[in-house]
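Just so it is clear, A, B, C and D label the chains in written order, and each chain counts residues from 1 on its own.
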Amino acid sequence: MIDKTVAGVPDAVVGIRDGSTIMIGGFGRAGQPVELIDALIEQGATDLTIVSNNAGNGDRGLAALLAAGRVRRMVCSFPRQHDSWVFDGLYRAGRIELEIVPQGNLAERIRAAGAGIGAFFSPTGVGTELAAGKEERVIDGRRYVLEYPIRADVALISAYRGDRWGNLVYRETARNFGPVMASAAVTTVVQVDEVVELGSLDPECVVTPGIFVDRVVAVTPRRWVRDGAFVGGVDIDGEPLAVTS
Amino acid sequence: MIDKTVAGVPDAVVGIRDGSTIMIGGFGRAGQPVELIDALIEQGATDLTIVSNNAGNGDRGLAALLAAGRVRRMVCSFPRQHDSWVFDGLYRAGRIELEIVPQGNLAERIRAAGAGIGAFFSPTGVGTELAAGKEERVIDGRRYVLEYPIRADVALISAYRGDRWGNLVYRETARNFGPVMASAAVTTVVQVDEVVELGSLDPECVVTPGIFVDRVVAVTPRRWVRDGAFVGGVDIDGEPLAVTS
Amino acid sequence: MTGLGRAELAQRIARDIPEGSYVNLGIGAPTLVANHLPAGLEIILHTENGLLGMGPAPEPGLVDPDLINAGKQPVTALPGAAYFHHADSFGMMRGGHLDVCVLGAFQVSSSGDLANWSTGAPGAIPAVGGAMDLASGAKNVWVMTDLLTRDGASKLVAECSYPLTGVGCVSRVYTDRAIFDVTPDGFRVRELFGDTTLGELERLTALDLT
Amino acid sequence: MTGLGRAELAQRIARDIPEGSYVNLGIGAPTLVANHLPAGLEIILHTENGLLGMGPAPEPGLVDPDLINAGKQPVTALPGAAYFHHADSFGMMRGGHLDVCVLGAFQVSSSGDLANWSTGAPGAIPAVGGAMDLASGAKNVWVMTDLLTRDGASKLVAECSYPLTGVGCVSRVYTDRAIFDVTPDGFRVRELFGDTTLGELERLTALDLT
């Protein structure tokens, strides 16, 4: 029997090595696998390269990993946010390397890794400093730059439901980078709200087929959903929403 | 109000011009938009380039379009099948041009057109006669050939259900080339079993968002499905299955 | 003050978007355009973090942390919406399927170059997000901006001094003082707001306008 | 006749596939392997026309024209299955996510080149399908074939004379007479069937085997 589920988050991050490249799903906080990141901090791997759209929010999740001094290099599209003080401090102190990649090129380069594409010509960034030094070519009258795949040793992502084969569905815009990252890592680790019976995910609606997934772990379900229905009333940390306006 | 539905198949193929490049969805008969092809034959456009995985089966659908002499050139991965006698005859008589593209390169080139990729390096076909004359490059020790997008004037595809915004869901392996072709054509025309109320397709399960779709037309629903459930008992032409084995 | 306020400008832009358009509104001021889309007309909003058919902000108690826009603000999804992953979302954009994208700007050059992601200031933390993809992808890239910076410098320039977001990508600029089309001959004034005159614009921008 | 019949060979191949593998079985003889996968072991079959978790042929009255395999034969989907479109399906393949792919062959060279899509005969209608993608994509490409053609020619060759499907892609060849691994030193016999001897194989193939 194939069973990709593991009992707890410590099991989910076993074996991650110093110096690894790790993709972390999420767009801001939505879809960020906070529990897996906490487990990674506990696990201790360091000198990491992190590939993620942002560079942490507030003090939890990716920000906590950065604060713990585990990250040598960030590859992302948008590190600077109103609540990215941890990254900002490290960057200004010269304690972290940064590679900025336009968001669509980031997504497509990750997809290319997963889909076995050696490189591709993208129109994004042409003529800007982010394309400096990159191979350029005019195709059918349009300028493109050559972009290479981004691969990882490990992907840590968050999905909504999964089964023991690793099939996944997501929730709303928390889907974001999960599906492409799952395809681009040697080992893909997923936290889900719920592990469901094999066969209970509609095969027409599976977003990430299990072939891309290695480990699935159930974490505390999001508190704004009950029995599959959105109920609201709390924020992403589970704190009651102030309903004042 | 956005309403991409049209009343009948003749309206769905209005304006298709001689000399057009037309993508036709389907893998063999599964997902082949037979009613739209019949309407195209009726409509009369000729001198067409057809991009489709196969080159027709039996005497209906794409085979009928070929038999009607409307196709100058076929771009496909697998024309030769046990029931591809129409294409076989035309080809042997020198009455049709043929470009063979490996199936995965065909799908990826169509996707590239839809996704604005100028060209990409594929490992498929390297060192074979289908890569002859193509630009080759070694990336990270692996050989790749450069493949260009395939675009079309029109895509004719078959989906299961659609709404007035053009959102689509498919059925099983009849999905095949539909989603990528929908993205790669100037005008995408879809036949569906059923046009459903806007909002009744689960936004988590929409496979082709309406942005890729221009016209939706309802055709006679597949006869092996009733009220959304598979009931079997008939073949793809609606003929009763002989249950003898 | 002559010309349009922020909200009026957003309304003016909204009026130029035809029904049935697929539209991406950039972070910041362009987001305001959503508030002014004519009721009863269906215009489909794209947010690059994976949603077509984005609706307005939710009721305060019904904020869904999984449902946000590119600015990471809570939004809703309309009937007819669809979710997709980032590669599909940016494929949609890069593939030219969006009709209109409205972006903010630091500078726009008379050949349509856009600078809106970095001032190039030493020590600033660079962050591009989807700006370059949006600039290179949509069929029509419109800019929404004040004509002048707080210091009175023109944002319409002969050549951008800030780092570029995209080359020759902007087709129209909506400012508080006028609407400009980008043409092969440079900026052409399409519409003047308030008592703004062409001469005044030429003086403020130090450009030859047509 | 010494060696294994078709069904026995399919069974032998099936035995070498570890539980949990993702496997694509090519059109023709390789399809037979599915009938011999050990009951109770979960091995997930991929069909490149858009399905993971492919099950056996349906009951005769329950043929579903929408649910076919790459050979366009009716199949079923197991609990845990997932459907996807062609670009995703071939991305899965090209990206190296399949553990094993079993293909037929006209010829396999001692450096692992595969020829299985065209005999290059004049007048033949070329048709490649997914053969080249499968050959270049799976982690392990196994070939299932008779050792000899009907005319007694060896399908194992020093260099393919037929048009290639893939270069250096085959890692193992299962024939009716023996199993061969493709190594940097050419074919190495892994297992002999029946009373086949190494000397006999060298005579039949005219190759130096190890």
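Keep this in mind: a residue touches a chain if its C-beta (ideal position, glycine included) is under 8 Å from a C-beta of that chain, and two chains touch if they have at least 3 such contacts.
Computed from a predicted structure; not experimentally measured.
With A-D and A-C as the two chain pairs, more C-beta contacts join A-C.
Averaging C-alpha coordinates per chain places the centre of chain B 36 Å away from that of chain C.
Per-chain Cα centroids separate chain C from chain D by 53 Å. One inter-chain figure worth recording: chain A and chain C are separated by 28 Å, centre to centre, where each centre is the mean of the chain's CA atoms. Of all residues in chain D, those that touch two or more other chains are 77, 83-84, 87, 90-91, 93-94, 137.
For chain A, the set of residues touching two or more other chains reads 108, 111, 115-117, 122-123, 170-172, 204, 207.
With chains as nodes and touching pairs as edges, the resulting graph is of another kind, matching none of line, ring, star or complete. Which chains touch which is summed up as A-B, A-C, A-D, B-C, B-D. Interface residues of chain A facing chain B in the complex, by the touch rule stated above, are 108, 112, 115-123, 137, 139-140, 142, 144, 148, 169-172, 202, 204-205, 207. On the side of chain B, the complex with chain C involves touching residues 1-2, 111, 113-117, 163-165, 167, 183, 198-199, 201, 203-204, 206, 209-212. Residues 19-20, 22, 42, 44, 46, 52-53, 77-84, 87, 90-98, 137 of chain C touch chain B in their complex. Contacts from chain B toward chain D in the complex involve residues 27-31, 53, 77-81, 87-88, 91-92, 98, 100-108, 110-111, 122-130, 143, 170-180, 207, 222, 224, 230, 232-233, 235-236, 241-245.
For chain C in complex with chain A, the touching residues are 47-51, 58, 60-68, 72, 77, 83-87, 89-91, 93-94, 113, 123, 125-133, 136-137, 163-167.
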